[in-house]
């Protein structure tokens, strides 16, 4: 999820959300920190990759698991990707050859059958149709034709499998721009419910080709997230989310265009191979 | 010990990198696995092909990606795919190696990265979970594992099996429905290098890091180990390995610095 | 299959082939005309799209069906695409929601099951792993990293599901070219067994962005294919395939660079919208 | 009849094009279906979105594609996808309309394009087969069909069902495992336009082409037809329709000329 979108979800006070995904990093942690999640279909949470352990959110998750206020369905990045893909293919399930033999199989909703052609065992994972998906793209036209540069990660299938799809885009472009190279289009218009222009909408995370992640900001967040008391996080969110009226104000607080220009240079490895 | 100063992460990454054969296809997780793969590509195995979970394939060597979806995984990449495409290539058997970490491991190489505690619903510590590790270890022909070595981590019975090793031993993977002829291959720790005895599929001590004794390894291992006939000693990191790690691969010391605290 | 490849299959005398595909047009008809096929897993054959009926090949197919010398497994373009895709995904089968209720289901190898999650009926189609696949691409490096411009049709999955993959390419380029935009790469090197530079290798069919199909040539072929006696086709193949030593000579006979330049103009609709 | 001269393909394409509503998504097969869709887009329904089987989506109107993989299907297209991607969009229910031809049709709109003859293994005539028609008719919400009208084509029982209509009648699709609430919608011939009565799912005469009588339609139909209360008469092609067809859509007359032989 684009950080700009998550900020707004926090600001607008959405609660009692289910979250379905493979790996969730900063976006997922933001929602967990703020106690907005009651249900997870997930492959990876509570990791700040290599920046530290989000102790506050972890404690919250553990406590809520114990009281039953949070329910987790265990999956893996692959099986979640394929659950989205099943939905995006218009299928009720997909067969997969991972997950078998593990406890994650037991704590998931997957089933195992024998392949009727070969007799080998395969795991079936059910399609997942999220109510809402929001992804951030490099460019989109006003109809919702979206182009993404570089790797696609899970965006192709997640976008196609959601009942409501919100696009945030670095730039809204004329359809003529899209038509210049339709093979760069990842999501065609008929999936899209809303298109919102949000420059730098992925900041402080990485937007391939445009700006690298802001390691300083992430380290500062990670430090706050590591404070088990929650006090440091409270300050972080007051400073950056609840105390700002929108993403523009947040960007300004974070150094605005100047910072983005620095991150653009890092992204392109200027002065470094 | 040589006069070179290095921390245990620099050491583990250097040793592991030497075992990644040139020309193979490796699917590496975030952190030390990526560090080792990046080092291998720059020194020992220039034709190593890296596949990253979010779709990056064979980028030009650059700075260490900080996540599997970092744009450095597609820096001048020959192929920018998607996560399902990456996993489907693996599911077809494209990856020679997976390279993973974990919180707990047992003698069959099964990994736990989901929770600490006897009761799933009342975890002592909730951990991040599989990520793509389950797929990596299910699909790659050989899985490399790198982790810290102590009795809380090398255990008889993990609290939870997130990622399959040989499961309950010989034939275990096949009985469960995983593809045959694949599984854990080597384990790198700050004490030693281990592999798996081919018939019993049990973990076996292969070599020691300099200054470490067999007794120390036994003491830090919570299950009964097997032993190679000739247990060798790994070579220390070379100046070149350290230079490349520090100057080229992780100049910001994002991962390398995690080894500093312990030793400096 | 690129026409240059099919010519060479004909010249080298390969026989008793199985052919698996959704729609086959000129490529498939060439093999059928020359009686090289004994087994078909197919969605569409014997169509020259709208140019006429290939009466000679049709008669041959009918006769061989009667004697049992030709066997057909009935599929559709979608189910064949998904059979290749199942293999390309590393799966033994895929579920699909077409084919049900038709005679094509009966004469296929598909099976129907109840979805264990939803109870709805789904058809399962078995993965197909061809022995050999040959596709024609816009550019490839010497390792086999292949880029295709425009639509992908079935190339992605067909290439990935074959045991042996031969790439014919308009141009062999340096890997640096490939690295300029890895998101244009469709087939990464590890699938590829051979890379052959064959400029205009799709002629007289269409190579998107480079040259349009040669309607005059196709009409001439269609006319020959409509002669039930086979005499006209004999002449066609002697003129264009067996009487030429390679594709270069064939191209020369067809007007060479001049003709390709005309087809390039048609492809780009020069002078016409 | 007006003074305009036109052949039956020009006429059928013109009529059919008027029924393709603006803003809908249509998956059209090669030949007359594509002709009609192209005409609709240029005159009646500028926001009609065309999806082609090989992956082309919403190209700019250009010359008629001669196959589903023709590069004209991606001429300045907003999206160049693949065949599986196209079918998967359909399988999700993206396509409002499929638009197909066929060799035989029955009263429930089931289509045969595979063979003529009573014995599958000894066909009198082997036809090309489904192509993508089976998927199109399985997945699109409404299927348009265009074909010649005679007793060999409009039959009680087709030799083979390649492409599902309502199968054996109401509920037939659902019993077979196809998605509910979809099916054949209209049939265009050189004699008339037909639709399907909602409850019985049986084909029903809706309107006539100028100069054609109900008796003629009955005579050329091999099964019992239903009839609309008010059977109307379709309007002849307009000058504009003919101009666009001839000058813009199919200036090479690849498809249009197939109507010439019969009438000129």
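As written, the chain order gives the labels A, B, C and D, with residue 1 at the start of each chain.
Definition applied: a contact is a pair of C-beta atoms (placed from the backbone, for glycine too) under 8 Å apart; a residue touches a chain by one contact, two chains touch by 3 or more.
All values derive from a computational prediction rather than experimental measurement.
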| item | value |
| --- | --- |
| Chain pair, A-B or B-C, that carries the greater number of C-beta contacts | A-B |
| Separation of chain A from chain B, taking each centre as the mean of its C-alpha atoms, in whole Å | 26 |
| Geometric centre distance via CA averages, chain D-chain A, whole Å | 42 |
| Chain A and chain C, separation of their C-alpha mean positions in angstrom | 39 |
| Set of chain A residues in contact with two or more other chains | 90-91, 96-97, 120, 122, 150-151, 182-183 |
| Contacts with 2+ other chains: residues of chain B | 74, 77, 80-81, 91, 139 |
| Pairwise touch network: line, ring, star, complete, or other | other |
| Contact set on chain C toward chain D in their complex | 22-23, 25, 42-47, 49-51, 58, 61-62, 65-66, 68, 74-79, 81-82, 85, 96-104, 107, 112, 120-123, 150-157, 206, 208-209, 212-213, 215, 267, 269, 272-273 |
| Touch list for chain C against partner chain B, complex | 88-91, 141, 145, 160, 175, 178-180, 182-183, 185, 188-190 |
| Of all residues in chain D, those that touch chain A in their complex | 25, 49, 57-58, 60, 74, 76-81, 88-94, 139 |
| Interfacial residue positions of chain B with respect to chain A in the complex | 30-31, 52-56, 62-63, 66-71, 73-75, 77, 80-85, 87, 91, 114, 120-135, 138-139, 160-164, 167, 172-173, 175-179, 248, 251-252, 254-255, 258 |
| Of chain A, residues touching chain C in the complex | 90-97, 109, 111, 113, 115-118, 120, 122, 124, 126-127, 149-151, 182-184 |
